[in-house]
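Both complexes shown next keep chain A, but they swap its partner, so chain B is in the first and chain C is in the second.
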Partner chain A sequence: MAASQQHTPVEEEAPAAARPGERETAPGPAGGPPASTKPGTQKPGRRRRVETTLFTLPAFLFQLSWGWYPMIMAFVLSFTDAALRRPVQFTGLESYQRIWDDPLVAQSFRVTAVYTVLSITLTFFIPIFVAILLMEMSRRHIRWMMLLWFLPLSGVASTVLFRYMFNAQYGLFQWVATKVLGLPPQPFLNSADQVLFWLVVPGILFFGPGLIYMATLQSIPASYFEAAEIEGAGFWRKMWTISLPRLRPIISMLLIFAIIGSTQAFEFPTIMTGAEGSPGGAARTVVMYLFQLLQQLRYADATALGVYLFVITMTLVVIQRRFFREDPDT
Partner chain B sequence: MARIEVEKIVKRYSDVEGVGGARSARPALDTVSLDIADGETIAIVGSSGCGKSTLLKIVAGLEQPDEGVVRFDGEDVTAVRPQARGVGMVFQDYALYPSMKGKGNLAYYFQVHGRTEEEARARAQETADRMGIGFEQLLDQSTDTLSGGQQQRVAIARCIVREPRLFLMDEPICNLDAKLRESTRVEIRKLLRKFGISTLYVTHDQQEAVFMGDRIAVMRGGRIEQIGTFDELYYSPANLFVATFIGSPPMTVLPAIASGGLLTVAGAEWPAPVPVPDGPVRIGIRPESWFTGRGDGALMTVSHIERIPTERAAFVHGQVDGVPVVVAAPLNQPDTAELRIMPDMGRVYVFAADGEQCLHTPGPLDLF
Partner chain C sequence: MTTRRKVLLGLAGAGGAAIAGGTIYSSFANDDEDSGSGSDIVLNIGGDWPFAVPTAKQAKADPNVKALSEALGAWQDDNPGVRLKKITVKIWEQKHLVTAISGGSGPAMFPGLVVGNWNGGATKVAFQQGLAADITDLVKKYKFDDKIADFAKPQWEGWPVNGKLYCMPDSFNAGNGIYYRRDLVAKKGLKEPGLGWTWDDLRTLVAGLTTDRMKGAAFQKWGMNWPLVAQGWGLLTRVPAPSQKWHWKYDYTTHAALWTEFIELYRGMIYKDKSAFSDSTLMDGEVTAAFTQGRAALFGNNIGFFFGDPDTDNTLPNMAKRMDKPIGELVGFVPHPVGKTGYYGASSPFMGVTSFSPDLSEEALDKAVSLQNFLTYGKGYVIRKQALWNETKNLQKVYTDPTPINGMTQIEGIKGDMAEAWGPEIVKAAEISAGLSTLPDEGAYIPAEKDAGPPNTPVEDMHSHWAFEKGKVDIRADLKKLTDTHNQQAKGFTSSVDKADFAAGAEKYYAAVTEFWQEKAPDFVSEVLEPWLADVVKPSLEA
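The block that comes next holds the complex of A and B.
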């Protein structure tokens, strides 16, 4: 590009004189890069290669040392005894076998599965419809609602607040249940059957990915809805034929994030129910149990559990990709 | 098919964003009245923000006017919802339903209204035949894979398929590239002729308006400045705005002093076409109404010559006394730095020195 731009004016001024000179610097259009050029006017292709490498190198090294290396090492470690004070010994699938037989692992996977299903139905799909409904409001109302919903809240602070609200003796929810609804005292987080449901509920209020949906919905030209309106389409039909198809790629992407996020749930259940996932491990997710293993210095077992979780998450993501695959003719 | 009457429509937007409060004080539509005869195409032309799209939406029923009445065949439809008005609207961005094939887009209306599948298919087939050669293939493709021109054809078919009483087109071809625009507008014109459906066609391109419209409405600032055939707008403009807006290249407007039946312009004295009261006036001359190379002409400094071989003509661009002037000349007009030009006084427009009042227009050209 740069070379041809430089040559064009010369050719216009004196075509006959410029041609031989051009031939000196460039051996011809098909002759590869020029043999010798001034330092400032190198062939862009080669310079781009060097620059590309230079620019990518830091990111590559970073990713290698903090991303891939630990991952691969964890994988390797899971086949050893991961001893700390003496040489590491290869133990094959021993850790995997031990983890497979551990009843607490099975329980933690059950907990995580229920938690994932609950949190995806309640905090992933509900916001899609809430966002679509919000967009039906007047512009001024939309702004106020967004402000309320997306007030920057500290994660830990609001989690602690929720722990107070769930308190079985003096919590706000207990007050609502007994004084307002007239129900018998509820156990909330103390019930093994209910704890996962109540863990997911605060997520609804945080409105999850709603902002992204609303931004996408706002980018749909008004004419699409006007065209449908002229043809007599009502709210639901407009939603099915315009809003949801336009949201589809975003939904697909965010669903992956949601799956990965909830299979790896750790902080929120830990703060709400303690490291043991009380009552009786009913809220102990896989990563919480993994953390417990680490605290017991069972590194090999912990990494083996991590590999199991990775395989399951990966499988879910692959299934999701299949399910959301774009139509072949688009 | 219908006769449409738009009467004294006023529309104010309360919360116009940006541009400060001055804009929201001015109504988007200020007492607009318009009649569309049965089967007539009216092109609405104006620069962006002049209210032409708002007018279209009010006729469609997508917006409610603050004052005024819209009538279809004498029936007041101002409060009628858009789907009950029987209008078909074509949008600038086509607005085809995503993730549907062309067919699905055509069947949408029938699905919404709970008609049978057979009816939808039969009507789509009928429409495809009317749309012309090669249209049927488009119906089996997903709309994302179609080109802009093809998408617009599907969008037009989507309107035709349910036989609207009125067609509303909101800059339907301005997203297409120049070459496609040319052929698509010919095609749309043909279709409009064929179906004989009353049409409101909004555009910002005056050439498109001239091509599409049986009559043209020129809009500015929420008002219709003039409505008429091209000849009426071109030769008998209602005011200075219409005179300069219609015509490309635009009319030259030069200040002049009238005294005793003579007009003094840039040092030259020309006889006034009509009796003009003494004092300052302005005269308007279209590019084709100039004579070149006359001794008693005004001196024009030439900046460049634009030659158009297909028209066998050239436009000489330059200035007279600092005012930009365009003169139509023969294709072989020699390159000179200066030119003596004089208007054909029978084809001169006279305007008041201030304001936009038109004192004299030459009227239609007598060709035979």
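The block that comes next holds the complex of A and C.
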């Protein structure tokens, strides 16, 4: 207790010195000797270790209970028959083999791949360009455009609304297609060839991650653009040499989220096309099929499919991390 | 100055306060939703099913709750020491219910079919996995199977799972059929549909009802299923194959000509005649709304849609009220059209069942079964209806089910019956529908599997492809692809049933099927069933 009281002022008066790397030489407590002359070489005190542990413990326990433990258990379950209330039996790779041989699994991966490519192409890259264009407008226009684009919308409510708008019999889009544009009646979600495209379209209107791009663009010093303009740089040159490189770290991070999100697409296609991803399973993603397996009480097969999806997603993320440079100055 | 220590202390304080507050709150919560006190047995009632545990305040305000309260009071008088406790569980969502039961926190009773996602076969698999209590002995004790109405008894015969019972019948639906605008049929001088009408008759009727502003029919996204099931799809597309690892194989090509004819008929109504519409987003609600709003003159569903709330939009009674006509004169109901040779399958009646928690003690399980028996077949049902009558004097509030599982269509002390409540036309339609003999259930002959086997997903995919692909479709190629896909899936499964037992059960099942259809549709037997049994099933069973 006494030791604790003695150390208290140290923490209160020089908290910044505790972060190695921020200063080459930090002053010691109460005018004492420097805490360290080299970053990273300071040996933390016992209290700091306890505090660090206490700070970390809740997050660690939470992640362990709700993240790692279920993931490990799912992996273990995939090698059993995953019976619910009878003794579980080890079945080896049986579930993996069954899932591998299932033609509908291959179909669902194809659907997910197309959906991911379409989704990232249309709802990830377009907002980058739109955000840069918006920044070229006057401040008044920027405010209006941001207000229109970034209205907080309920995802599920909007999705249900879009489902009705896509209705081939009496939907708003059909009215636009036939009465306004004079086209023949369109199948929209009823066509296996078109359904994935129409599923992605609302994402364009929601503007995806545009707000984050705009926030990043606004943080770029105006002097960069002014200097470029003095040098005679036009819109494309400024975009290519200033805006895009400065956005690169954000693009990199959001791309990972977009890949993970698209490969795990479930709610939106389910609400729009039903649990079966009709017509003909053309909109049934991997996670939708996984959910069907759960409904059939095939827990081992569902976890095996989950493991396949995890491996593929992880591979994509690793490739992205390997080839996408984040530092704008490299 | 805020230090890490202060933050830690603050967090610890906030956490401690939350825990203490939560403890105090939970000690007071739900007291008003319990029934009984000082009890030895607690029955958890989840998701307000089969009833919402009533409070005194609710009973005062709502005649329905008051009636239930009276019935429960009568049961608790005979069963002192039992407390009914409301718990929160999403009882109609399979994943929530299965999770709750698996974790030992499920309700005392629940709708049995939910654990199998409304699929009878999957439900029996769930029962075998231990998701419901075995109530075989309690069925004998309470003898409720003797009290099931005659029209529902054949359905009950399919529910034993390898000799054991895991559920109690709680409701009976007279089956699916077609609702049509009776007034428009008469106005246009069209022939009114009746029992035994065909899909060609339906196509003619739908075309005759179509106008510039109203389509002849609206079909749910699964509408393609109906004309095919009416021809024997399901029975004729699965072949017993005890020599295979999974004892069934799939064959959609043997009767390809038959399937092609009716797929083209359905597509013809939508794309050629333009007399019907369907969409991959159309569910029950949308189709019913199209009918009640005058956008479609015909739709398909179960007979329960007659008995909606007159004050709720898009219900049939509301439509009748709006148009100021008796519902029986405005809307007709008829079982689905039959197949070419007289087979019917799409109208088959449907039974709801109650299952019980596998974690209940022997005594608690007895009480739970006793309570559901009391409310479904016993005095509780009568007390509830009589109390409701005394409170409302409204027959439509009292008689809400045209085919009650207990057969009570007239109750002592209530002036009037089902026909008086809803009109003779509707009651007659329900009787006709309920009177259709239930098809033999393979579960009564072939031992149940421990795993559900390959799902029906490839079939649903192909149905939606045929229904919604506007351009040309190669049906024969699709049927071949469907056969290959389904058989490829089947290869991954292993039957838990002994090969010889399966073969013996299958032989008995097909003998029962032949006998049944010999009486109902002899043309189907001679032209379709017998040749198929001889050429396809027999060689496969003997292989």
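Please note the rule applied: the second predicted complex is superposed on the first by the 280 of 330 C-alpha atoms of A that agree within 3 Å, B and C clash if a C-alpha of one lies under 4 Å from a C-alpha of the other, contacts with A are read in each partner's own complex, and residues count from 1 in each chain.
By our rule, contacts are C-beta pairs under 8 Å (C-beta built on N, C-alpha and C of every residue); 3 or more make two chains touch, one makes a residue touch a chain.
Just so it is clear, the model here is predicted, and its values are computed rather than measured.
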Check your understanding: Quick one: chain B and chain C on chain A, clash or fit?
Key -> fit
Exercise for review: Mind telling me which of the two, chain B or chain C, contacts the most residues of chain A?
Suggested key: C
Practice item. State whether A:Gly261 touches chain B only (first), chain C only (second), both chains, or neither. Key: neither
Exercise for review: Using the superposition on chain A described above, determine whether A:Glu229 touches chain B (first), chain C (second), both, or neither.
Suggested key: first
**Study point:** Least C-alpha distance (whole Å) that remains between chain C and chain B when both complexes are overlaid
**Key:** 30
Point to revise | Touching residues on chain A, where the partner in the complex is chain C | key: 8, 11-12, 15, 51, 54-55, 83-86, 97-98, 101-104, 163-164, 166-170, 187, 189-192, 272-274, 276, 278-281, 292, 294-298
Check your understanding: Within the complex, which stretch of chain B touches chain A?
Key -> 15, 57, 60-62, 82-84, 87-89, 91-93, 95, 97-100, 108-109, 112-113, 141-142, 144-145, 158, 162, 170
Point to revise | chain A - residues contacting chain B, complex | key: 139-140, 221, 223-224, 226-234, 237, 241-242, 245-246, 248, 327, 329-330
Exercise for review: Would you pull the chain C residues touching chain A in the complex into a rising list?
Suggested key: 1, 3-5, 8, 94-95, 98, 101-102, 116-117, 122, 125-126, 129-131, 221, 277, 279-282, 295, 358, 451-452, 455, 457-458, 460-462, 464-465, 467-470, 484-485, 488-489, 491-493
